[in-house]
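Next, two complexes with subunit A in common: one pairs it with subunit B, the other with subunit C.
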Partner chain A sequence: MQKAAVSGSGVFAGGLKRFYKSVGMLFFVLVALIALMGVINPQFFTFINGVTVLRQACFLALVAAGQMLVILTAGVDVSLGAMIGLCSVIAAMVSKQFGAVAGWITPLLVGGGIGLLNGFVVGRFKIDSFAVTLGTMGISGGLALIISKGLTIYNLPLSYQSLAYINLGPVPLPVLIAAAVLVVMYFVLYRLRFGRYVYAVGGNREALRLAGVNVRRVMLWAFAGAGILTGIAAAMLSARINSGQPNLGKSLMMESIAACVVGGVTFKGGVGNLGGVVIGVLFLSTLSNGFDLIGVSSFVKEVVVGAIIIVAVVLDKYKK
Partner chain B sequence: MPAEDGTLLSMRGIRKAFPGVLALDDVRFDLRRGEVHALVGENGAGKSTLIKLLAGVYIKDQGSIRLEGKDIEIADPHQAQAHGIFTVFQEISTVPNLSIADNMFLGRELRKNGLIDRRRQIEETGQLLASFNYRLDPRRIVADLNIAELKMISIIKVLNNEVKILILDEPTASLTDRESGILFENIRKLRERGAGVIYISHRLEELKSIGDRVTVLRNGQYIDTLQLKDVPSIDALTPLMIGKELKTKFPKAPVQVGRPLLQVKGLTRKGHFYDVDLEVRAGEVLGFFGLVGCGFEEIFRSVFGAETYESGTVAMFEGGGFKPVRKDSPQSALDLKLGYIPRDRKNEGLIMPMSVRENIAIPSFRKFSANLLGMIDRRRLNEEVKKYKELMDIRTPGLDTLVETLSGGNQQKVVIAKTLCRGGSVFLFCEPTAGIDVGTKVEIYQFMNRLTSQGAGIVLVSYELPEIMGMSDRIMVVYQGRIVKELQRAEASQDEILKYAFGSGDRALPGEGN
Partner chain C sequence: MRSVRIPLLIVVLAALIAPAFVAAQAYNDDWQGIMAESIYPWGKRLWEPWERVVPKKPYRIGVSIPSLGSPYFVNQVYGYLTEAQATGVGVTILAAKGYEDLQGQVSQIENLINKKVDALAIAPISAEGIAAIVNVAIQKKIPVYFLGEAAHTKNLTGYASENDYDLGFRGMDWLCRNLKGRGKIAILAGPAGNTYTESINKGARAALKNYPDVKLADEKWGDSEDPAVGQELAENLLNATPDLNGFLVVEAQVHGVANTLKERKLTDKVACVAVYPFQETIPYVRDGSVDYGVTGYSLTNARILVNMIIRNLNGEPEVPRYVWTPGLDMTRESINTFPRFHVWAPEGWQPPSFMNVEPKKK
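Now for the complex of A and B:
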């Protein structure tokens, strides 16, 4: 397999061909999975179920896109899951006080703030991002429990849930939002200077520094971006259950890492493209939807996601 | 054939190739019992490769190694040691966060009831050190030792084995006299026991005092073996080490020297370099020569801001006057038009998983995205990149090709192209032709000519004397972190440069050491 394709430089030329080369196999695996699901349970192929899959996928898509930013810099952000709970709790309280719109925007600020903290510490002190985000994972999770006293916060303004339940034609708003964010993300990653620096930090941090680029600032905004994207997901998840839950979205941390590695984003950094991550997200969402239809418990799902991470990393190693 | 003539080791027809380089070609080497046999040659002559074959670090492609009359194969370091071949490398390999005693017993820990017997390890290490008349607390953490102490630990660790052949790579480079004394004392003991010693050193006086024979390598080839007592002075070895093929490969063009562009004053980082003063003028190539470990790479890494320094100033002539280059800031250096072509392409120059296009453009991204969002003007970027790709004649299937798939020579051209694309008036070329094929070398030299003809100043840092002599207008020789001599192109001779590089010039040697 040509490695050129995976580098993310694909935007510059021959997009489709490169896309096929880098994620083609995964694409077929996804198609095979969908076919298999359809055979096992014909309900899978209904339109309603298709929308359900996308509805589930859109939260993961946002968090995975954020995770991708961090993994591209050769790091990992394990705080993204706990961050959702904290965002959810704060958003719930804010919306009760200041109305739905404030409650939708707050999670972006909370997520972005924690992301900035992650990015600052990782960039400034050159510390392993795993350790730093593990710390903020603990802090976020703990704060969420303290603020909410460990309880779900109910009685949000009724309009708050509209973020999750409005449909435009047949398409739910969250799906549209996620799609729009992915388009922006594509633009940021491939057309903006910042996006190319993100790839370059992961490819060779020292070479980028010697090219006169402020590497700390790149790290800062990569983590902040991950936080903001996760904040959007938190707002939509809270709206969907119309409450603030301290433990909301915890599984998305691991699933976001899984979506990235399945989609060809390597832990070494600097390698991977957005298309791959999107397919990785669809793959995981299809799988989980299939499990629901077949009646497999969500506990088993967690085991499977863990196994998928390991298999994907091993496969990636042998691709070379 | 049994070795009745006292031959301990005999290597014949040794060949070893690395991608792009033939490191050893039909090399022979002999070692007798009780002999100290010196190995000399320029940097890159193949000395290190030869001893690494014996140590099992590399595996030979061709040739035979006979030990005590028997053909042997050395596939890994364990086999080498099983044959009694022990090496003290230039780079020291210890585990820094463990104690001296733990390092001594690494991999063969003393046990008691299944647990490591720390107490006995410490005791035995203490006794061992004492038997070498060397006093150090075995409980000390290796990371806290200085280089000389570290080196002695490595030497003592090796000497604690049944050594048949001892290989020493620049052993005294960082040792004090007392420590060197201990080493030489033990070399004598080994000789009396009938062991052999292979000794690589740039310190030729030292060789004469303890060595018996010397073998000269050049460009991976065997040149000659001489009795050291027949070698009147160091100068006698120089022609053998350098060869005669000088200057022809270097298309040096005459230059018009203009005003000073880069000024460095009193640059110092203790233990690395001291009081470096220099000035680079428009149109000239200022060559820097020294032996491995002389510290000139650190000097220019610090000038550019890749590394730090403790005192001194760096200034660039830009926009009508000298402006200080901020310490530790490659960005400041680049903004003031000081470009840096690093020696280490892989780790400092290129972003391997990215395309040729982006590698060339990345230092200049601001130029192509001068808007609020930082959106890249891809058409402008493409035009510029193409221009430099053609200028440097980079041979690549396309601009989207990943740099990691290019040859070393083309990768180096990418590094130069990206520096040029950013723009500069002074360029620091650190070993620009290391590991590059001859054809590309000449292209790079011609390119340097072109830059100087356009009024740029160039610093050429290189371990290759022919290159330095062939391309420089002025030559500065560095020894132990200091500029010890400046020579004009016309007056520079190999012998004189080497004399200063070996530290035996007329200048008093610095006392600090490092």
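Now for the complex of A and C:
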């Protein structure tokens, strides 16, 4: 009996060790944060607030997952935020002409198109991704302002906002969509060859090329994937505000990088996992929600988030 | 090291979010008695004085503003905090990261709804953009009030505002009259996609139609809080149109425009009008580089809104639905009698880290 108990606890300890190695310290810090927020303000622990945190997190989760694809290839995409504004504006105009469904689908095409452009230029001309996406950030932001003339596009079909406000049971539709997309992304990254290639590009691009893999194509689709994921986030965000806003989502670019960094994805490439990014997203969203419930100024929030990013990265390095 | 990691993190977090509350300075009760245009739900319009009221219960008001980076909203925060202290209601104020953080404001309103506040007071980044979440609040029986434009949200319980359209109109009208109905002007319109700048712009263009010989040479949208942006735009516009006669500028950009005019010794030749000038604009008005400013009762509007909310929550039968406060002119001649306490917080006042006032228990 004792032997069985020992081996049972050994299995549990082994599983915990594997989990810790996989997601790092952050999961436990997230648990500690949730506990702290709940103690300071009990309203944090209500079911509805938990649902709210998930709803607020799902947009960042999609953009961060897209950013992760790019960072794994040792790149970065700074155009994702501006892409959201452009997608939002075009989606609004399309929905007014052709209905809500067309408006929901359009951002995926626009985001995917910009992502393909990013991937093509980075892969074909071997230019640093920061420089290329800085350019597309300017182009996307400018186009959004030109198309919208700097104004909000509103009076969209009422059905358009249902993408953001329908619940299936207690769970908001955007949360379900984000969860489904992340499951697909898990499958792509860890069950398909493409996922292994994405990691390998970041780990050793030259070795992969010598192994006969078309590295340019991998880069192309990594950036396109980031664009598509951002397009989905843009469709949902646009539905949330039921309008097209040229400046929508700009802060999500930095937050997506923060979530990836906090979640253990390194800029060197080839290192990081989707679970870590999801926890990073939940961490940032929990912090934001908790601070709002306490009433902390957004200036203080910025300082705290920045400090936590540094602390999380340092602690993760110690773990390694 | 391993054994102290988690506790260390917790201690660091706790230290960082420890309260750093700075009490609001003594407020100025001179705001009471201000005449404002009250519009009642059944259509009656009256110019009547506003006074402070006593709440029947310890209500809590949730406030959402776009940013603390703008003195306009810092003044509002002062109004909310001091009036909450004076009346005995509670207030929790959340600020988004700026005019571009619409999804942030939506999230903050969501969080205030979860906090189960008795009423929401919102200065919207975009009235259309937050309409959906406002409707969620109303469905949860939380009355919603706007401070600012509310053109596209029909379900509000009330709002208090200066009339941005009117301010834009007055500013442009003064500029055109100053140019004697002839000349070329430029507009620095502020951030795109925001309800208040769109209203100012509409008002300005409506006034411009009355002066067919005043031509709009150019219009630039952009960050209105950054004087450096205004300076660069003014330089480029003057280079592109050397015979430009006037500028209409929204907010702090006007300081940059005024600096350009002074540098090029054009203050006597090019008129400069500020919509929503700040305290920092006063020296420019005194030295003549800004010729005219028009603003609203930013601070007092917040105080009026608190009292409107209390009156509704108290169950008063006749409470106005809309309250417009008039615009305030500022020129070199009138600057010494300008009623600052209606517009600006005391010089040097800064919002505390926790913008929270607890209600006084009855």
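Assume the second predicted complex is superposed on the first by the 276 of 320 C-alpha atoms of A that agree within 3 Å, B and C clash if a C-alpha of one lies under 4 Å from a C-alpha of the other, contacts with A are read in each partner's own complex, and residues count from 1 in each chain.
To be clear about the criterion, a residue touches a chain if its C-beta (ideal position, glycine included) is under 8 Å from a C-beta of that chain, and two chains touch if they have at least 3 such contacts.
Being a predicted model, the structure only gives us computed values, none of them experimental.
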#### Entry: Touching partner for A:Leu208 - first (subunit B), second (subunit C), both, neither
first
#### Entry: First, second, both or neither for A:Val303, with subunit B first and subunit C second
second
### Query
After lining up the shared chain so the two structures overlap, which partner does A:Tyr199 touch, if you call subunit B first and subunit C second: first, second, both or neither?
first
### Query
Of the two partner chains, subunit B (first) and subunit C (second), which one does A:Arg191 touch, if any: first, second, both, or neither?
first
### Query
Which of the two partners, first being subunit B and second being subunit C, lies in contact with A:Ile294: first, second, both, or neither?
second
### Larger contact residue set on subunit A - subunit B or subunit C
C
#### Entry: First (subunit B), second (subunit C), both or neither touched by A:Pro246
second
### Query
After lining up the shared chain so the two structures overlap, which partner does A:Leu168 touch, if you call subunit B first and subunit C second: first, second, both or neither?
neither
### Message
Give the list of subunit B residues in touch with subunit A in this complex.
### Response
304, 306, 330-331, 333-335, 340, 342, 347-355, 357-358, 362-363, 365-366, 368-369, 373-376, 378, 398-402, 404-405, 418, 422
### Message
Which stretch or stretches of subunit A touch subunit B in the complex?
### Response
3-4, 6-7, 9, 12-14, 191-194, 196-197, 199-200, 203-204, 206-214, 270-271
### Query
What residues of subunit C sit close enough to touch subunit A in their complex?
1, 5-6, 9-10, 12-14, 16-17, 20, 68, 92-97, 99-104, 106-108, 110-112, 114-116, 126, 128-133, 136, 152, 189, 191-193, 195, 198, 221, 351-356
#### Entry: For the subunit A and subunit C complex, residues of the former touching the latter
25, 28-29, 32-33, 36, 40, 43, 46, 48-49, 52, 55-56, 59, 145, 148, 150-152, 154, 161, 164-165, 237, 240-243, 245-252, 288-289, 291-300, 302-304, 307-308, 311, 315, 318
